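Chain lettering (A, B, C and D) follows the sequence in which the chains are written, and residue indices restart at 1 in each chain.
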Amino acid sequence: MAEQYDFSVLKLGAAKIPSPIKMSKIYGDSLANYVREDECILYDIDVKPGGTPPSLAKNHLLEKAGPREHIYFNPGHVHAGVVTCGGLCPGLNDVIRAIVVTLSLRYGVTRISGIRYGYRGFLPEYNLPTIALNSDLVDDIQTKGGTILGSSRGGGNTEAIVDAIERMNLNILFTIGGDGTQAGALAISKELTKRGLKVSIVGVPKTIDNDLSFIQRSFGFETAVALAVQAVYCAHTEANDAVNGIGLVKVMGRESGFIAAHTTIASSCVNFCLIPEIKFNLEGGNGLYTHLENRLKEKDHAVILLAEGAGQDILTANNEKDPSGNRKLSDIGHYLETRIPRYFRKRNFEVTLKYIDPSYMIRSAPADPNDSIYCARLGTHAVHAAMAGRTQMLISLINNTFVHLPMELAVSKRNYVDPEGPLWRDVLESTRQPLSLSNE
Amino acid sequence: MAEQYDFSVLKLGAAKIPSPIKMSKIYGDSLANYVREDECILYDIDVKPGGTPPSLAKNHLLEKAGPREHIYFNPGHVHAGVVTCGGLCPGLNDVIRAIVVTLSLRYGVTRISGIRYGYRGFLPEYNLPTIALNSDLVDDIQTKGGTILGSSRGGGNTEAIVDAIERMNLNILFTIGGDGTQAGALAISKELTKRGLKVSIVGVPKTIDNDLSFIQRSFGFETAVALAVQAVYCAHTEANDAVNGIGLVKVMGRESGFIAAHTTIASSCVNFCLIPEIKFNLEGGNGLYTHLENRLKEKDHAVILLAEGAGQDILTANNEKDPSGNRKLSDIGHYLETRIPRYFRKRNFEVTLKYIDPSYMIRSAPADPNDSIYCARLGTHAVHAAMAGRTQMLISLINNTFVHLPMELAVSKRNYVDPEGPLWRDVLESTRQPLSLSNE
Amino acid sequence: MAEQYDFSVLKLGAAKIPSPIKMSKIYGDSLANYVREDECILYDIDVKPGGTPPSLAKNHLLEKAGPREHIYFNPGHVHAGVVTCGGLCPGLNDVIRAIVVTLSLRYGVTRISGIRYGYRGFLPEYNLPTIALNSDLVDDIQTKGGTILGSSRGGGNTEAIVDAIERMNLNILFTIGGDGTQAGALAISKELTKRGLKVSIVGVPKTIDNDLSFIQRSFGFETAVALAVQAVYCAHTEANDAVNGIGLVKVMGRESGFIAAHTTIASSCVNFCLIPEIKFNLEGGNGLYTHLENRLKEKDHAVILLAEGAGQDILTANNEKDPSGNRKLSDIGHYLETRIPRYFRKRNFEVTLKYIDPSYMIRSAPADPNDSIYCARLGTHAVHAAMAGRTQMLISLINNTFVHLPMELAVSKRNYVDPEGPLWRDVLESTRQPLSLSNE
Amino acid sequence: MAEQYDFSVLKLGAAKIPSPIKMSKIYGDSLANYVREDECILYDIDVKPGGTPPSLAKNHLLEKAGPREHIYFNPGHVHAGVVTCGGLCPGLNDVIRAIVVTLSLRYGVTRISGIRYGYRGFLPEYNLPTIALNSDLVDDIQTKGGTILGSSRGGGNTEAIVDAIERMNLNILFTIGGDGTQAGALAISKELTKRGLKVSIVGVPKTIDNDLSFIQRSFGFETAVALAVQAVYCAHTEANDAVNGIGLVKVMGRESGFIAAHTTIASSCVNFCLIPEIKFNLEGGNGLYTHLENRLKEKDHAVILLAEGAGQDILTANNEKDPSGNRKLSDIGHYLETRIPRYFRKRNFEVTLKYIDPSYMIRSAPADPNDSIYCARLGTHAVHAAMAGRTQMLISLINNTFVHLPMELAVSKRNYVDPEGPLWRDVLESTRQPLSLSNE
């Protein structure tokens, strides 16, 4: 399966400068060591049925992240930039903090600029001054949600951004963002290379939906699940206390149902989990309505958890068009909020439905401690990678190990909940919903 | 490194009964599948410096956990027992709940007995009646800390326990506990085998210290870290607001400093993290006191985080004996609570020390959502393993995959924070404490 | 002002049975005492400008709540009912628990019936069996949101309810609910009196909006504010981190803006607080839009907090009709969610608006500890009142003292935020919004 | 009872300057008004048994707090100081924030100095520079525990402090602190008067123990109770899950058991609440040990909640001396932690005791939203009072109304839990412990 991937990471040049971080070079003296250049791990660890082992080929190996004995940039010459893009996600400030603290207190870098409101902050037409970052300024920011730099969606003209990077004399840029942001970062890096500029572009992958490939889990995801669980508990209480109560909760997940799946297992009170990866019918003998009615007859209440991208085919099938015509998601939550009661009214079956959409209360929350650990380590490793001259790469956690991952790979495909994989199987164990809610 | 391990798991016999859980047997139909008998993963994924790849040998492979197409026990004949042992740990009720719900609602097992207060519940002299468990009774228990079964430390006579298992006609026993509990379970299983009894003994590893080997992380650990972070924040506030304030926090970790290490990274405000694995001096030019004084002179406050097993050699060096003579830990927290102010008093340096020990407020907490997910999956997988006839094994998470792990291996050695590994390195990045606090 | 009120409370008859609760009858022996029949407090405590003192007239005095030396009902003969009505509110289970525990463990009452789903549970057509309540069953329920009895809106036929009370031989009924519920309870009590039945009807006032008169604060209110504050913080983060970000939050408050007002002061980050009591314009020189634009130009972000009943006149002014024609509130939240961006689009002023409606996540939450105390004391005092033969009354907290309040008074008028009172003044101090957002 | 009190408040002089805060002077126009000079409330509201009404005498009236139409100080001339003293308490930063924001954004005061580390910050020998406070600096501080100014215990020389106030040209000083702090503030104010200096000294009462008289509740108290409840829940879980488990929790309360009393009612799982106001025996037929043993025999577990000042007479009775000889409290928590198990060991009765002391985790917490409201209003009202020329007074909440209270009264006596009052009675309802645990 992984045959086609090449996990080797780009370097700007030879790292010849001794690191100002002092570590032991001896193994076995019980003192912390640098990461050696050739430390790596396997990506693929599955032994297939029949016994076919995973490949050990070089291009399937992932370089371990961490501080190197020699670095590429002279800390005294470095001007680093940090930019946060896209929707809010718990942990952004943790990552910013770790980057700034490691740059300044570990490497002695003094020029660190925060770019305002995403890539837009590079564009002259917006005239957004940068923020001079230092360890005092970021000391406490991880206790707040959001990003002290502001954020915005959208990319902006690659050439204009690179012009700005040239003007600012940045030699390192940290891009904290998702799929689109990292695709933009890749384009920026390629343009920089074309211009012969030695600028390290290092990404920290951010996607509250957890839909980035080659990344075990995205930061903020656990916090999002924890908060979504609260919403589900509320829906459960409302459902349980009303006459034939139905609790309906919509969570994030445009194309991937990871938040919904994990929230289901965590809360243990979801009866129907609906995600974009798995089609379902509303009507018909095996459709949602039939199974929901059976559940209500048996237990008097039910909880339905929706990923926002679930059932998009149903909405169009029902000829409800999106006003702007583009691929913007139709709102499955509001749709079911009105359609489910309508279905039961027709059947003279009294139900009470309560709908909860906690999305913005989740995105803007501060990271919980476990995400804070993850963000701190992502940010720190991003700095080590950049200082060592790596570029066009992200910090990723794979097989529970922090590694360097080429941007090219990260943006090559999305991550989906595999309907035949262990996560979805465990969702089914939790909900005991039918294997399929499709009439086919 | 892993050469000496054999990860193959014991089976009571051939699994010939079709599972009552209905899943797809077709791959690619987007419907959830059973786990096949030969699905497994690599344990060792490290490519060593120089390029030596990890072994692909059969005995280094770990069997994946999950429901099998055929099971060993007839659900109608099963009498299952569940026992929780040792100190409290967030998530115990989640695990109990998942075991009971999966047994009853997925497999149709109706006889499930909860053993009271650990292994003691088997012993006739205590005359502790079992609790009849069912899905209604456990419906909500995961929202509470502790264990509905009660717990106690200590093992009890293996023969007497096996006598009780025989009397009760248990054919499955789930042992939720740590090192000692699983060693006890192994002894029980061996005695059962000796007596020719086909009883499945399946463990769920519990250790709030995270010190079990071959297990990526133990349940309740993340919750423990999250709560320890709160204590550290409090200590930081107290330290910050007082004249030369010192916040001293002691967390769990008898022989392994995992909670202290993760709490340090999560909180970003610890200045000295002290763990059992790494020796340190108090006095002397490179000792804690000197570095603490320097920190106070520079920043007016400091936070010290202790694992309870840290610095035990210091306590004996000071000839403070343990009253009962056994290996019971001396209290490093109380020791430093008095000794640090004494040191500074001698130097006419005013300090204000506040000491916090949050241990029992952590152990008794309910699991946070991410631990709840983990516990739910551990419990569910334990049932699948037992029903499929596995025995003398634990459910473990390795390389982010749920697997079956022989008890023999799990109890063969402890897990330690490697002073030369990435976790400790990241602790040093966070605290910027010296590489060593030892004068040697 | 209070001239017209009569605070004296109805009694079913003389209380002659010695209470099974043992207390001291001596004052000054440092042992807890019964409440004497003539202990009361002033309702009105305001000295008016000019020096007019409050009235000390008998009918302005409120009887203190608490256990009496003699009770009216023989505990062995009592069959008590408990019913919860209307929308969910944090603390319902706390009140139920306190009533049941006090009845059973303090007075020895053994027959306690929980009525299901509000007054509907009395009606034969729904055929809803009661729940037999006892102290074990309610032991832990206060840690959950909602009500273990279920609830529903609406009253039901008074005569049918009284028929049911007769059939059940209830001699005490606790009605936990708001304005409508207590009006219903009053009608029930009057019908019982008409039939010559000695049944004590004691209410516990419940209104998450805090809009009941003669009651200092309603239970669940503080919890609601605490959770609303979280929503406002999230809105603030979203607003702060976006380009001209606007955070819009709608909270409960159909006719009274207490939640919005308290949430504003608690969060310290609301710029415009809009409540039903105070009219405002959107357009025009002193309207919301103008002041919002000024705020954005000055500070780049703004937070607006709405009570759900705010601006209802604006919605009709814009000819947006309510589909069912009745007084159902139009949704001011959704209205402003679309209208504010439309206004700024017309002016070519880029804004980013995020809308949060946390209502159902608030209603279903468990009570926070301070509300738990309040609920426990309300429930306990309700039992003391009923056992002592009081009827047609509520337990109320006035001037920080628990008292008996006639239902007649409680339902006679609503409680409003006084635009000229200290609470609203302190809201203005917090937001620094204009004294008026009206063009008049 | 209240005969001897005089609630009239000192004024520096006539308030002649029109307030820069614009409010309506018309009553009935639905616009917020100033507080008039003669608005006041009754302090005493109790009608005594027999019908004796409370006094309406002038000196029993309390002046309402709030903004006045005319102020004493010209905002442009004001230099205000803020000082926080004593132990940490949730809400300190909320109060500081409200004072600074109201001074600067409502009155236009630009010179506000934060005094470091309590009164010590005035003393030249410590050479502690003040912090220049403004609304930006305090914008977010209320989300943190502690005080941004630092704090310390102890008063310092009144004359030296007044010298410093003179040197700094302060004309307003806000003293945030408890009994000792306000007694100090009173001395400072008197010395200022002696020197003919017109300096307003306005206190904000702070006592986590809630032991200040004439104050309905102190800020941070509710937060403290909420966190103490968590500790009690943990103790309950530990007790419940162990063999004859005893959970022992010690909370703050040196001379008054308010935190213990409220925590008991809030948690509903305390069996024995022990406070300084009520003596108890350990041994003997009616002592704690006997009742504890009975409880364990009946229910297998028990929870004991201690205020730190409880049972001090027992400790001395047992001849355990305080090392330093002064009145420093002996540690009743540690004492019972060892003595209770010893008692049961002697009786061959196996118990498992877990001891929790959450004090420093409570003191350093941020205020919960209800306390934040209270603090915001206290701080705002303190500024209004000072600007209007009030002095030697505190802001107090009495009968649910914010009022001006003379310092003289506030420090004249402590507030105690009345063993014959409604709070303690409700504690007994909750625990169902004996009316007395004393053998007398």
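One rule holds for everything that comes next: a residue touches a chain if its C-beta (ideal position, glycine included) is under 8 Å from a C-beta of that chain, and two chains touch if they have at least 3 such contacts.
Computed from a predicted structure; not experimentally measured.
S.K.: Of the chain pairs A-B and A-C, which one is connected by the greater count of C-beta contacts?
M.R.: A-B
S.K.: In terms of CA centroid distance, which chain is the most far removed from chain B?
M.R.: The chain farthest from chain B, judged by C-alpha centres, is C.
S.K.: Taking the mean of the C-alpha atoms as each chain's centre, how many Å separate chain A from chain D?
M.R.: The mean C-alpha positions of chain A and chain D differ by 45 Å.
S.K.: Report the inter-centroid distance (CA atoms only) between chain A and chain B in whole Å.
M.R.: Each chain's C-alpha centroid was found; their separation is 28 Å.
S.K.: What is the distance, in whole Å, between the centres of chain A and chain C, each centre taken as the mean of its C-alpha atoms?
M.R.: Taking the mean C-alpha position of each chain, the two centres sit 42 Å apart.
S.K.: Specify, in ascending order, the residues of chain C that touch 2 or more different other chains.
M.R.: Residues 144.
S.K.: In the complex, go through chain C and note every residue touching chain A.
M.R.: 88, 117, 120, 144-147, 150-152, 230-231, 233-235, 237-238, 240-243, 352, 354-358, 360-361, 363-365
S.K.: Mind listing the chain A positions that touch chain B in their complex?
M.R.: Residues in contact with chain B: 22-24, 27-33, 35-36, 38-42, 45-47, 49-51, 53-54, 56, 61, 64, 66-67, 97, 101-102, 105-106, 142, 216, 222, 225-226, 229, 262-263, 265-268, 278, 368-370, 372-373, 376-377, 380, 399-402, 419-420, 422, 424-426, 428-430, 432, 435-436.
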